[in-house]
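Listed below are the structures to be examined.
Two complexes follow with chain A in common, the first pairing it with chain B and the second with chain C.
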Partner chain A sequence: MDEKTRDEAAKDNFRQEPKVGVYVCHCGGNISDIIDVKAVAAALARYPGVAVAREYAFMCSSNGQDLIAEDIKNLGVNRTVVAACSPSLHELTFRNVLQRAGVNPYLHEHINIREQASWVHKFDKAGATAKAIKLAQAGVEKVLRKDALNAIRVAAEQRVAVIGGGAAGMRAALSAAGKGLEAVIIEKGPALGGKLLELGRLYPSGEEGAAVAGKLEALVRADSRITVHTAVDIDFVSGFVGNFKINFKKADGRSEQVKAGAIVMATGYEHYKPAKGEFGYGEDANVVTLPEFIALMKNSPAGRLALAGKEIKSLALIHCVGSRQVEGVHKPQADGKINDYCSRVCCTAALHTVNQLKDKYPGVRVYDIYRDIRTYGMQHEEYYDKASKDGVLFMRHNEADQPVVASDRTGHTVKVKDVLTWGEELEVKADLVVLVTGMMPADISLIKSQLKLPSSADRFLQEVHLKLRPVELANSGIFVAGTAQYPMDVTEAMAAAGTAAAKAAILLAEPDIPLEPFVAVVDEHKCTGCGLCPPECSYDGALMMGEHNGKKVAVVNPALCKGCGACVAVCPVRAINVAGWTLDQFDAMVDAIAKE
Partner chain B sequence: MSKKILIITTNHSSYPGADAVGQARMGYSANTYIIRVPDPVMFPEDFYLRAFDRGIGGIIIMSSGSDCPYEGAYERLSKRVARVYEQMRAKGIAANRLKLTTICTVCRAAFLKEISEMEKAVAAV
Partner chain C sequence: MKVNPELIDEIKKYGAFDISACFNCGNCTAVCPLSKEDASFPRKLIRAGHVGMEEKINSAIEPWHCYYCGECSSTCPREAQPGEYMMTLRRYLIAKYDITGLSKIFYKNGWLQTWLALGMLAAFYWLYASYTGDFGALAGKIELAFPVYVTIALGGYIVNMYRHVIVKPLGGIKASLKPAHIYETLVHGFTQKNFNGCEETDWTRWIAHLLVMSGYVLTLLISNLHLLSPLDDHYGAFGPVSLLVWYAGLAILVGGGIMSLRRMFKSAESSKFSHPSDWLFVVTMFLIGASLLFTHYLNVAYGPGDPLLAKVYRFNIAIETVWILLIVPFTKWIHIFFRPLAVYFQHVKKEAEAGTAFTLSLGK
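Up next is the complex of A and B:
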């Protein structure tokens, strides 16, 4: 498929004399109870460049939208400023009004006088009104300097590459295929299933992890739209939204390439591996991690729980091993960072395992040593209740007083400064110590560095916005599913995978992908070809020096540019700007705000 | 010089953070003017100096910090702000009239604290 980009035919109404319509919303009384909206509209009506200024009860209502459309039709308004609620709620609503009325939708500016004025200045009505006037005037200055923009359209491969073939990866591929797309699973392990294969009975259904993996794999194998590559090593990933290329080596040494319009990162997690000596781990065979204990339980006969032939009559669980680590208390990882995040799922997993243990081996004494029990999720608290009723003894320590494990020939003694008994120093004897280890992100450093994927402070992949865009990375066309994003259980990972696949399907619904036009643009007349801007760009191929009409100029690839503006700041002649967010616009806004 | 405080926020992080303050109906003074950008890394040094020259009392840059979705942008921004401080010093502009900070989508208390501190800085000039 061609890697072409093309612009839609531009509407030409931005060439007309600017006529700004300003619309001030009452938002019921949310705004107008504090801000004198009539005074705001009156002040704006007198402002240079403004053709009309109105106030209305609900600008977002059909009637409010019609007011704008009528002014466009009857008064020739060709740019709008709406002073209302946050743009996160209705900026798109008003852009669409302009579009429907035949005006370029990007000739609109949304001013927030609710969340950032009336709701926060309720004891200063005059100040809030003066501020609203200034913000609206700044909005007028900005919109006067806006250019008509058109969504960038990129031809796209109608295929999703799913990196990782665990629970999330298989679910994402199935969901994408269910929406009519081709999906390719690229898995480094020898088989599909990932960590699901290691898990015992899953909460809440009680199904074995391997059984769930088997069901998913059967569905994947039966779907002709899904291709599976296992035991492969990804060596190079490149491209941009609509046109990614994933190169990998197969077990037989042959190289292969998958082209895809979108990528779902379902690269999963690794178990935290305790350091040698951490609570005795690695020094004593009877100190194991929770995943190791789950494997032990799976392989133990009913009636007698034993490790290396020795019966286990008592065990102590220690929570938060490798998660919620504290600076100065815990040793950092190889990269110098501590895992200060909560690994979320381990409390529930530990209690679910303990409940299975007590069902299978009711005589085993269990001590559960924790900082906090965080059994979030539907009915997960019941696992705690059941464990309590079954006689599990809970002890709680604070973050500075970590439990201490001392071992001798008779077993382990775990010492705890227990907050539940107001700091009593308790000692329990245990045949086995189980360390409830957390999740760490899988090592995907090669893919991360080649695609410039953002990581959170916890080193997991970072979504754009946890609530508003929860499975999208800042890199257009790349989505995240499952524990590559943060610790989550199988249920959550499956849900995230379905969401990621749906987002990919929406993106690839048409052969051409429309992209927001907020990318760097170069004014070739101003550009002196100095070459200062490309080194500022972190995205390979997004900004390079090239030649146009025999002149050396900076050239932007709009499909690769993320629109951060790092290049903008270094241009000595302001030849490069982020479309829709230019320096001249911001200077004019500052002037309007500063003016007395 | 006015007592006006210019607050530069990011689309992804601190602008929603400012919205969160409003949604919680917390209060701060009305001499604060929030503008939003994809990332403040786009502003050259002279943008800040020009704003002071026009009469802006204080500027708070509320970046996305480690949550920044743009590769390398925060590092570039912090280096640039260090250069702005040098130029402010040369022009005799008090350093505490400019603050680079990180505000997340739910950092309500931190948002208010930054404004409160800048209020004091602006009042002292």
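Up next is the complex of A and C:
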């Protein structure tokens, strides 16, 4: 264990006689329009242990914060309860007030009387007021029992490991290096560039995919802070935030290890491969996927589009192949699931390709068969616009009425029950059928199982919160960039990669990573060493049986513990507590609320 | 149904170049005041064009109902000009129903018809001017020949339209004999009352249209019944025939003048696009009105022997000749007849669906 914990010299107020300050916030009417805040303050002022109780229009404003700081200075308040909005909004604000005033910041309790009282009991003002009083009193009981805590600090490797050397991986490494960190790219394939190398012209810039990859690679190779490993196989990944170890085998058989403080998962996607017989794929040479068609068009001479010597004068595109699948209509994939997600980029990619086709071979008839067109990106609608003005005939089917491809010597006949032609079954003749296939996440099951990475129902890696923490995985120190997360285009993947690198750089900005102190703590005197708790722990290595003073006890690794409390629940002798959320505190809160 | 992508390319040769931009949202149908359950357009006709439903297009009567108020075009989010598409379908259908095939050639070749009209005008004027006999008598014969020619031309169209609209899709000869339907057909034909169905009725356009139409029908009567003999008789300014002539000439001049100005300044959706044949139509009509008025004025003021009158009258007959020979059978002129016919055919279709139509069984 190479992390060290460091006790910062925070002022130790908790041995003094507790003096609680209670502050009731009006939230500019959000609370005070329903709750009688004066009554709440008055009731709390009489409550045992409370030195002062006040109410104010906006506690979070600088005037409100000063109110608390002055009470700490003048009245000797050493614990605070703020009854206001949600703790996720302002708990940190008030912890910082305490810290600035020289009180341990964890001797604060944030009570939510907005979401939990005024907003939900609009039509029962008296009831809401009574509830707010109870909640605040429980807060007082809790804060009276709080201990001064200190953030856990973990020493971190000043290095970012980027798994995957495609567009997102290279971008993430460049951004991390740009912020002064070392970056290591670990790529499975023989070259950098990933799927970029296969793509033709990229929308919206029109550059060749390979050219973009080349530019990125040149920058990567020129940066002395970036190390590149290609053609390697990762065989073991372990560790925790600040201290990850990635072991891999190189092409020559030698093994190597990279130590990193943070990991960026830029593992990318695979094209959906249609099942044999899906719209005739694999049975007829003239049924191809969009990536295959892009390659075909790239290699076709101007003036004549041909496949295996036969000229192609008409083609039908079928959208959503392998995407937005419907239970009961589509066959499940190998793992028994259907791909019910939208692959997002295929509509624009298909229309962008059709535009190029129409420019190169204006005479080719194009039929575009879709369920919905989702050209969602900036100016992507113009591809649809151009296609329709160029005479591409669009046909739309319902999810239950999939198009049917029949083939004979003269070519293909595609039958579509066209919603736009009032449900009429239309038949088009096409020399070539192009299946617009979507994305599936690349196979990273080994890394996923070893690091216990979360993935969503559609098998892509899942972020903590799509809006608030869009590139962070639940595992601290591991970030996601690009199509490993969900289908996205190169532009989006690059942006995500920059964000992931920035997040990694923030994490590694100091040599020590501060972690919340809310982790499990074992009372070694009470612990009987029964061994019930380790099997309950979901985080590898966070809780194990060990020895202390010759006695078998449970031992917690605070860097890995998430403070979930699963171990607390099974301990028969109350020997484990989560710091800041102890069983004694909960008991006292429940008693306060239940008291008549 | 087999998709035929060639059809829309063919239709586009008659105008409506932006119609491929349509993505079938249906806003046009929603705002169209004339689009009802039994006549839903323009969306369906656009889609029928896109996928190549030739029979549906060929039997369409909706284009004749449309007055081109322009609501659809100004509402279209794709700027696909659905209103102009309806006008284009009229041209396409006229060409389709025309037995000679000349309309098709004229529509597709821009100004060809106009050049031909100019050439014919010069030729006929020269012919009439160099005629040494009694031109008044000749003019009488020419004017009496007009209705015969027009009837033959029109007959061909009506038979063809009936074949495409009723016989083919309904599988036989069917008719509606309800007096109410026949009456309504006539009312629509003469008053164009569906104009009022257009929201925010464009009154200038309606008045211009009514003036031109009534003036034109009167001119038709005056010439086809040979009511005027300006080289032989001297007319008083307020005689019954004169009153007719004053009204007919002025109505055409004012109405045609308004229409030309609107086309020139593209003041409304309906006048944004002008096919060359639209110009030829309006300008020729204007010239007929002007020369008729001028002829009559000279006759009233200076008597039948006036030398200028002789020239102007020859010009009047020459341009009427061109009009009858070249413009009447091969431009939208015929929509005068198609519009009431469309109203009538709609009744026939409805009755055929209900099984109450008069049916003529041939054999079987």
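Quick notes
In the analysis below, the second predicted complex is superposed on the first by the 546 of 596 C-alpha atoms of A that agree within 3 Å, B and C clash if a C-alpha of one lies under 4 Å from a C-alpha of the other, contacts with A are read in each partner's own complex, and residues count from 1 in each chain.
Note that a contact is a pair of C-beta atoms (placed from the backbone, for glycine too) under 8 Å apart; a residue touches a chain by one contact, two chains touch by 3 or more.
This is a predicted model, so every value here is computed, not measured.
By the document's definition of touching, of the two partners only chain C reaches A:Asp418; chain B does not. Touch counts on chain A: comparing chain C and chain B, the chain ahead is B.
Contact with chain C, but none with chain B, is seen for A:Ser388 once the two complexes are overlaid on the shared chain.
In the superposed pair of complexes, A:Gly29 makes contact with neither chain B nor chain C. Applying the stated contact rule after C-alpha superposition, one finds that A:Gly531 touches neither chain B nor chain C. By the touch criterion defined above, A:Ala117 reaches chain B but does not reach chain C. Of the two partner chains placed by superposition, only chain B is touched by A:Lys562; chain C is not. By the touch criterion defined above, A:Asp587 reaches chain B but does not reach chain C.
Contacts from chain A toward chain C in the complex involve residues 365, 367, 385, 388-391, 393-395, 418, 420-422, 424-429.
Considering their complex, residues 86-88, 112, 114-117, 119-124, 127-128, 130-131, 134-135, 138, 452, 454, 456-457, 462, 464-468, 473-474, 518, 536, 538-539, 562-566, 568-571, 578, 581, 583, 586-587, 589-591, 593-596 of chain A touch chain B. Taken in their complex, chain C has these residues touching chain A: 1-3, 5, 8-9, 18, 20-24, 44, 47-48, 50-51, 53, 78.
Looking at the complex, you find that chain B touches chain A at residues 2, 4, 6, 12, 16, 18-19, 21-23, 25-39, 41-45, 47, 50-51, 54-56, 66-73, 76, 80, 105.
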